[in-house]
């Protein structure tokens, strides 16, 4: 005989919503400051909590690197839970260039190869050459980079303190749009010629 | 003569929303990680802030106990406010079995009778026999229990640090569904026979 | 034979702190925006999680009411957990006057007697006469009151969405200190004579 | 040639939402405990982040003061960002009377003239006469006031720790609605006659 | 010539603390609800942000599994940043048994081998057999497990949404201490004999 | 006669700490993830809540600009309250160059003159020429700038969504320390010669 009184009691005057312990994103609905709206619990399946494309991306690009994300828009089960992941694959000689995540700390777990990574303050530089067995944290909002300093391809997994960490690649932010080169030069102390040159590589105009 | 300048000034370029100091749940709309959407302030009445069914539930069940909840799905006024309540009534010999709340601390206020309650770590057991005049707190995420250790019916009020604390009854989680008995045994170190037996009582299959 | 590998593994390179799932307040140390420092886990006992003085206070005062608190400074186990409690006992004809909690929502659970309670906005009044079986919530920061509107003593339990909710009794804030009466009058639109009169009752000067 | 691999990689399995680093309010949609839903990033313009009406309001009222707000309902770019602003202009002899913000701290920056401002506890009064070059903070939930104590018009800018701080003007809360005068008197220790008188000024009935 | 005006200006009336963008834990000091106190920025080195012992642990135990943590007590740089990591190595036939993290969501990244993992509600079971390339999330507070369902050793990395996620192994919580067997039986619906038997394996008494 | 029962009742079993509604920083003590420890309430004075140096700084520098901060290390009353301020003064032809605040949104209130300000994503540029009466918000973690685009000195007040917003001036982060020029070039796609040149201006070596 089945007795599930407590739960039934709990449910007696409530909807199913009272007992859902997660909020799987309804990615078709609007986002909000706390994340996406929840899918109805009854339509949730285990596949909402699993992401199966966490594999190496294509590294035939200027950076000789690839980033594969596993964030809320990739698998909706992390919605509202304050964590997500990514993997980076960097060919010999490649790098993940200077970038920040506006709302998340990044934690890097070395898997293969060798990466030199770091972040900086005006007073100090925190860089380290990392090998498998190493973990490094890049505190929220700090500009940081990862360079393959080894002799073969390197792979690392990243964890973020947000379900939707975003990414601000410095080159794309500065040089990938049509902010006037003179204004960029004025506010970075780079020379206008240099700005225009890098803009050429990242698709910026002006 | 009426002067409500400051407020009117505040409202001059805004909607009514600017001055609502609460967010009563629209329970017909979707949930989100921060709670339900707000009802339009104009449709809010005092009854959204009051729950009137906070009475003893039916205790004629295997636990000889009843739980009556006053959470966001019971009265929408607590939406987004980080607090809710419940009452438990336990007959002589009954108990609220091992359970957790995934996102809330529980605070128990004794009203009548005697309850022995507690939670455990691998290093220590925190149990106490409680009588009216006693309050006990069960920190977030800790497995805990309440047993009527007195000679008559016991009643207690519970407060939670969430508008929607959820409840994970260990027996229902482990034995109330169709997770294979062998898998449960493997991951709990219980014997398969025992698992099947308890499953029988809680409706589980497999 | 005992096997506690996972935990030991977890502990292998760490202090005991890694496995404490609570932060019992060290009330002798300093407070911080997130609460008190944690007592060393080894010195924690079940009595840190239990408060045993949750009984009626003395109501022989101008309000004919008493408030008994169970907040972090009363029992340190609630530190950092976002919940605490209080009980109010109000004699016939008495009241808990207008007040706010600067950082907490209040949830009231009726125990005995009859209380008329409420809070107000410039656009609406939310008042209700409550009896045992009723629960009412007063959203964070709202000025609210409780009046015994019955024929005998009333008792209610309060839950707060903070371990240290504070209390701002309007009369004490306005009339219990030495803020000049003229300034109070100017900023409340009360008459100076009235201000001085009420100040007399609440110990204010000026 | 343009290479935006990292971002494209990030986007490969996601919607645009993955890279929005802000959540501009869709003010036509519902509010939630964490703020409004986000507008689609593609429809966001710089004007969502700019508010251009931050000018002196009309001070020909009983308070001889005006408040101009720049909160989420005025410019949707602050949605979910935990900050907003207002400006106050107070004529000689005027004041912003006693008020609180239920969910926000207020920080005042003096611009012009002289203001005497303060907040109180039962134990202490914190008041100061402020001039340009001064900044003062009024902690969340504290009843506070600002009086023009100078010889000409005074102006100050306010910053709030919330995108939607609300405002509870004590006079409007107590005297601007139809809460019965006897009940107000009972819960404030003011005299009924005084209550009725002030009610007359703020539009209250009863 | 060096010009660092803005920063110097910022620092002119402040201590160094104003510009630290992280809070590396002083593990010798007390913990608090928000984490450990910060080390003085000047004593921080890159090694505070790097953990170098993220390697396979010893799996010669009853579970045939090992857990290696990289949490705040292992490397203090994650203090206050809401993220940490662990790795699990499970031999063929082994498992990480039923457990919860009281204050953190767990995200599992498969590295090697095959793991069947899951969590349950009373209404549904969410289990999946995971291989390299798969990521799975276990929402905060949910009881979950990982079983090596492959033919060789399996390895996975875990990320947590807290710098100090804790771990509650169900067997250790229920059977590793001296909570009386009768009380455990009463609150789990297991038989006393079974309780005593499992207690024997996990060091519990009573 | 004085009656302060409720408060006295509240205090009966507690320390003074129970009634402090703020946490003024003890700047001599350690910082924590939630802010500084609280000064004892009895030692708090109004001057802890007031900062009186909010005046124009010295603009005779490379940027022709000055920043004056009013953050927790300037006035301890904002500790834990999630808000602070700064003022910027920019001479004709000057600018506040590209920078971010790792943990805070910035809200700019124009006071005098004309400023062209903005922030960028890879997809869009959000820039605006601002005059008195304008307010602009720069969402958390976004790289942004302010340029005096007028014909005379410009002044603006800034509000932050943190008591300790920090500041990351891109030039100082990239060029003000001893991170090797080749590494900077590799991770920014700037030319090494350019990197060395700007390093020369900001005191960097390598």
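Here the chain labels run A, B, C, D, E and F in written order, and each chain numbers its own residues starting at 1.
By our rule, contacts are C-beta pairs under 8 Å (C-beta built on N, C-alpha and C of every residue); 3 or more make two chains touch, one makes a residue touch a chain.
Small disclaimer: the values here were computed from a predicted structure and weren't measured.
A.B. asks: Where does the A-B interface recur among A-F, C-E or D-F, taking recurrence as more than half of the contact pairs being identical by residue number?
C.D. replies: It is C-E that repeats the A-B interface.
A.B. asks: Higher C-beta contact count, C-F or D-F?
C.D. replies: D-F
A.B. asks: Between chain A and chain C, what's the gap in Å when you average each chain's C-alpha atoms?
C.D. replies: Roughly 41 Å, centre to centre.
A.B. asks: Round to the nearest whole Å and give the separation of the Cα centres of chain E and chain F.
C.D. replies: The separation of the two C-alpha centroids amounts to 35 Å.
A.B. asks: Please report how many Å separate the Cα centroid of chain B from that of chain E, as a whole number.
C.D. replies: 26
A.B. asks: Touching at least two other chains at once: which residues of chain B meet that condition?
C.D. replies: 4, 7, 19-21, 32-34, 53, 62, 97, 102-103, 118, 121-124, 127, 139-142, 166, 168-169, 172, 176, 201-202
A.B. asks: Report the residues of chain D in contact with chain C in the complex, numbered from low to high.
C.D. replies: 62, 95, 97-98, 100-103, 116, 118, 120-125, 127, 139-143, 145, 147, 166, 168-179, 183, 186-191, 194, 197-198, 201-202
A.B. asks: In the complex of these two chains, what residues of chain D are touching chain A?
C.D. replies: Interface residues on the chain D side: 1-7, 9-10, 12-15, 17-21, 23, 26, 29, 32-38, 79-80.
A.B. asks: Residue numbers of chain A touching chain E in their complex, please.
C.D. replies: 4, 7, 19-22, 41, 44-47, 49-55, 70, 75, 77-78, 81-85, 87, 105, 107, 109-111, 118, 121-124, 126-128, 130, 133-142, 157, 159-161
A.B. asks: Would you mind writing out the residues of chain F in touch with chain E in their complex?
C.D. replies: So the residues of chain F in touch with chain E come to 27, 30-34, 53, 57-58, 61-63, 65-69, 71-74, 86, 96-97, 99, 102-103, 164, 166-169, 172, 176, 201-203.
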